[in-house]
Amino acid sequence: MTNEELQSYLTERFTEAEIKLGTQYVEMTVTAAALHETALQLKKLDKLSFDYLFCLTGVDYAENMGIVYHLESVEHRHVMVLKAKTADRVSPALDTVSDVWITAKYHEREAYDLLGIHFNNHTDLRRMFLDDSWGHPLRKDYVDEVRIVER
Amino acid sequence: MAFNIYDFTTLTHSIHVGLAESFSPVVATTIEWVIVGVSYLLFVALFGLFLVYAERKVCAAFQQRLGPMRVGPWGLLQTIADFIKLLMKELIMPRKADWFLYNLAPFIVIIASFMAIAILPFAPGLQSFDFDIGIFYLTAVSSVGVIGILIAGWSSNNKYSLIGAMRSGAQILSYELSVSLSLLTMVIFAGSMQFSTIVEGQRDAWFIFSGHIPAMIAFIIFLIAGTAETNRGPFDLAEAESELVAGFHTEYSGVKFAMFFLAEYINLFIISAVAATVFLGGWMPLHFGNLESFNHVMDFIPPVVWFFGKVLFVIFVIMWFKWTFPRLRVDQILTLEWKYLLPINLVNILLMALVVLTKFHF
Amino acid sequence: MSEIREVIINNDRLATDEYLVNMGPQHPSTHGVLRLLVRLEGEKVLNVQPHTGYIHSGIEKMCEAITYPQIIHLTDRMDYLSAHMNNEAVALCVEKALQVEVPDRVKYIRTIMDELSRLASHQLWWCVFGMDMGALTTFFYGLRDREKILDIFEETCGARMTVSYNTPGGLMFDIHPNFQKRVKEFITYFRTKLPEYDKLLSGNVILRERAEGIGHLSLKDAIDFGVTGPSGRASGFSCDMRKHQPYSAYPLVKFKEILDDRCDTLARYEVRILEMYESLSIIEQLIDNIPEGDYAVKMKGVLKLPEGEFYQRVESARGEFGVYIVSDGKKNPYRVKFRSPGFSNMFALNKMAKGHKIADLVAIMSTLDLIIPDIDR
């Protein structure tokens, strides 16, 4: 499917979600509550079959946190972006999609480590790179007076 | 006797007579023991150093490089420098290691090697023991080393060491069978277990030629099993560096590591020397049936040169496949022994017995 | 300690004859500072847990404080064996955001350099794979040929591994006058040497016995785990970004995407060997036709990306490499994420190694071709 077809199909299928055409890919933003169900649908629907999650990025959007899922369908070769935002940044939490795409399990651990986003129902949510005593360095308000030199 | 001039019996006899004249028999015997012991020690140390150097150069040649070139001419002094370095290194022992066994292990390994080397005939008259059960003794003694390896692996209190030792144990126990059975094939052919008789039997033709097909099969099996018994590549599972860091000697450093290292090279020498003695005629020159003049020319090359020439040839072959083949996996190594080498060996013994019975040999 | 406790909690208690072994962070076969917590029963691998972070250098955090041309120099340090592809990904991403069209000359040179890096990386992988299998001689054969590529790199960009040859809008400087001649010399040379690799290792009985049927990764698992690159293609996962999302001069060249459906260690081995042949043929198609022109577009002194999100996928030597830039219109990015192939590939290790022997674990890990700074970033 081309981006336009994909956009119209998604708009038709997911009425709740906010869908727009980004710079390259179709971007769909869903609420935290709808995330898991949407992810399942994206993978299961024959016309979409987004079975390959190639990138999972946690972003700190100042007022809340977000996760950006880059999805591709191996069968149809179309790409889309799924976004979900947490309610706040004090205790950000999202449902895990690791049962949909296995690789998400490890990317979510990375996001948990670097941004402190908690993933509900994740079977093995541990820090990936850093010690337990570290903060979450990719948060915009992260301050480390010893190691970061401000210019 | 064609090689009288090279016979060491005269030399050893004159030493014995000289000593017996000046000392009481007890003192004379003691001095002889010391002389023999010191010369074996010197030989092992020097030949070990030489083998390390040879291995580096052979491996370098296979890998399109020069090998050690800096220390001394063509890097000849490199191994000596390395040995000095090893001697000066700090001996580190893991805190939770078993102190007694940890220190005992290298000695068991090296003593086993020394005991085996005593039986080898280097040249006429140059052999310290000549048992009538020489080969039996050799197979018995050469499997003592594995106890040292098992102890080393266990007492180091390191899981890698333990895995390495267990692999080594399984491997040596299995391949001991093949080594013994292939030697047994040749014992059937030679009709004796005594090394001097075996060598003497090859005066006209080496066993590998006169025993033709079964002897060749036995030789190949012996080479494979012998390599496995010395824990060398492609059977170096016990110290597989990409899997087990250094296997059973991971926790050893300095001179204790040097002992394992030296023992490995002595074992290589022993396996090659046994192969050379039992299959390739020991110190016997190359003789062809009726070519009198050729045989005569060959006789002028000293037996020591023949012996070491053959040994170095076998060592080269073993090094050759170490530096060419990838390592086997532990289950494959056991499959190879129990499913292939052992049945072939048993059939081969039968074949050899038939050959001997029907006198279908040269 | 806490992690060992974790394992015991997650996977019940250790049975009597089970034990845990730490492979790494200092272990000869983890090629760097990866740590694998391996649960064993005798020689049999029951479970592998990779532990990362020993060389985490916070590159994504650093990127937020520096400008776009500066980011390129950090990407070298991630996957240092496919440094050029990483550079290119960032350069392409920034060019896409600024809507800059680079001259054809740049595209050609970038593609040639890409393929040279891929060759160098696959050669080093071959050396190391041989070494992990216990055949130490391969190491020197592979390095001998890799030297020649590194010499070409050195002549053209002044660095041998961390090339930093790309810049947004083109290349840092033009190719060296000798470049074409030396690359052609190298191709003729390497075409004679590549069959040697097969003679030395590929046809070896021991290697085949050890690699065949080991480390099975089905197509579904490859997609689920996001295993890309040669490792993914050996499972039949068509994931070559050069084909699916062509960039630079890849639309202009003919080449095959090497796919294999045997899914085992041997397949991963052979895919890489065949890819070397493909790389050679790609370079051959381009090297004589490098068009004349500028080696870079004149760019502004300070690059400011428009507000938005940009993603660029390239095929690095070990899989799909992605750069995701979130820009808020300033001279430095708001958020940069690198999708590194090694990160996803590594976690398929447990799936592949379960039930095999320790020696197989090492071989499987070797065919995944992990570069630890690429995983840890």
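A, B and C label the chains in the order they appear, each numbered from 1.
Please note the rule applied: a contact is a pair of C-beta atoms (placed from the backbone, for glycine too) under 8 Å apart; a residue touches a chain by one contact, two chains touch by 3 or more.
Keep in mind the model is a prediction, meaning the values are calculated, not measured.
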Omitting chain C while every other chain stays put - resulting connected groups: A | B
Chain closest to the assembly centre - both centres taken as Cα means: C
Gap in Å, rounded to a whole number, between the CA centres of chain C and chain A: 24
Centre-of-Cα separation between chain B and chain A, whole angstrom: 64
Centroid distance [mean C-alpha coordinates] between chain C and chain B, Å: 45
Sites on chain A at which at least two other chains make contact: none
Contact set on chain B toward chain C in their complex: 59, 62-65, 159-160, 163, 167, 233-234, 236-237, 240-245, 323-332
Contacting residues of chain A [partner chain C, same complex]: 22-25, 27, 51-55, 57, 59-60, 68, 70, 74, 77, 81, 101-103, 105-107, 110, 114, 124, 126-130, 132, 137-138, 151
Chain C - residues contacting chain A, complex: 2, 6, 10, 52-53, 56, 58, 60-61, 65, 96-97, 221, 223-226, 228, 237-239, 244, 308-311, 313, 320, 322, 324, 326, 334-335, 337, 339, 343-344, 347, 376
Complex interface listing, chain C residues touching chain B: 19, 21, 27-29, 43, 130-137, 139-141, 144, 200-201, 204, 206-207, 209-210, 357-360, 362
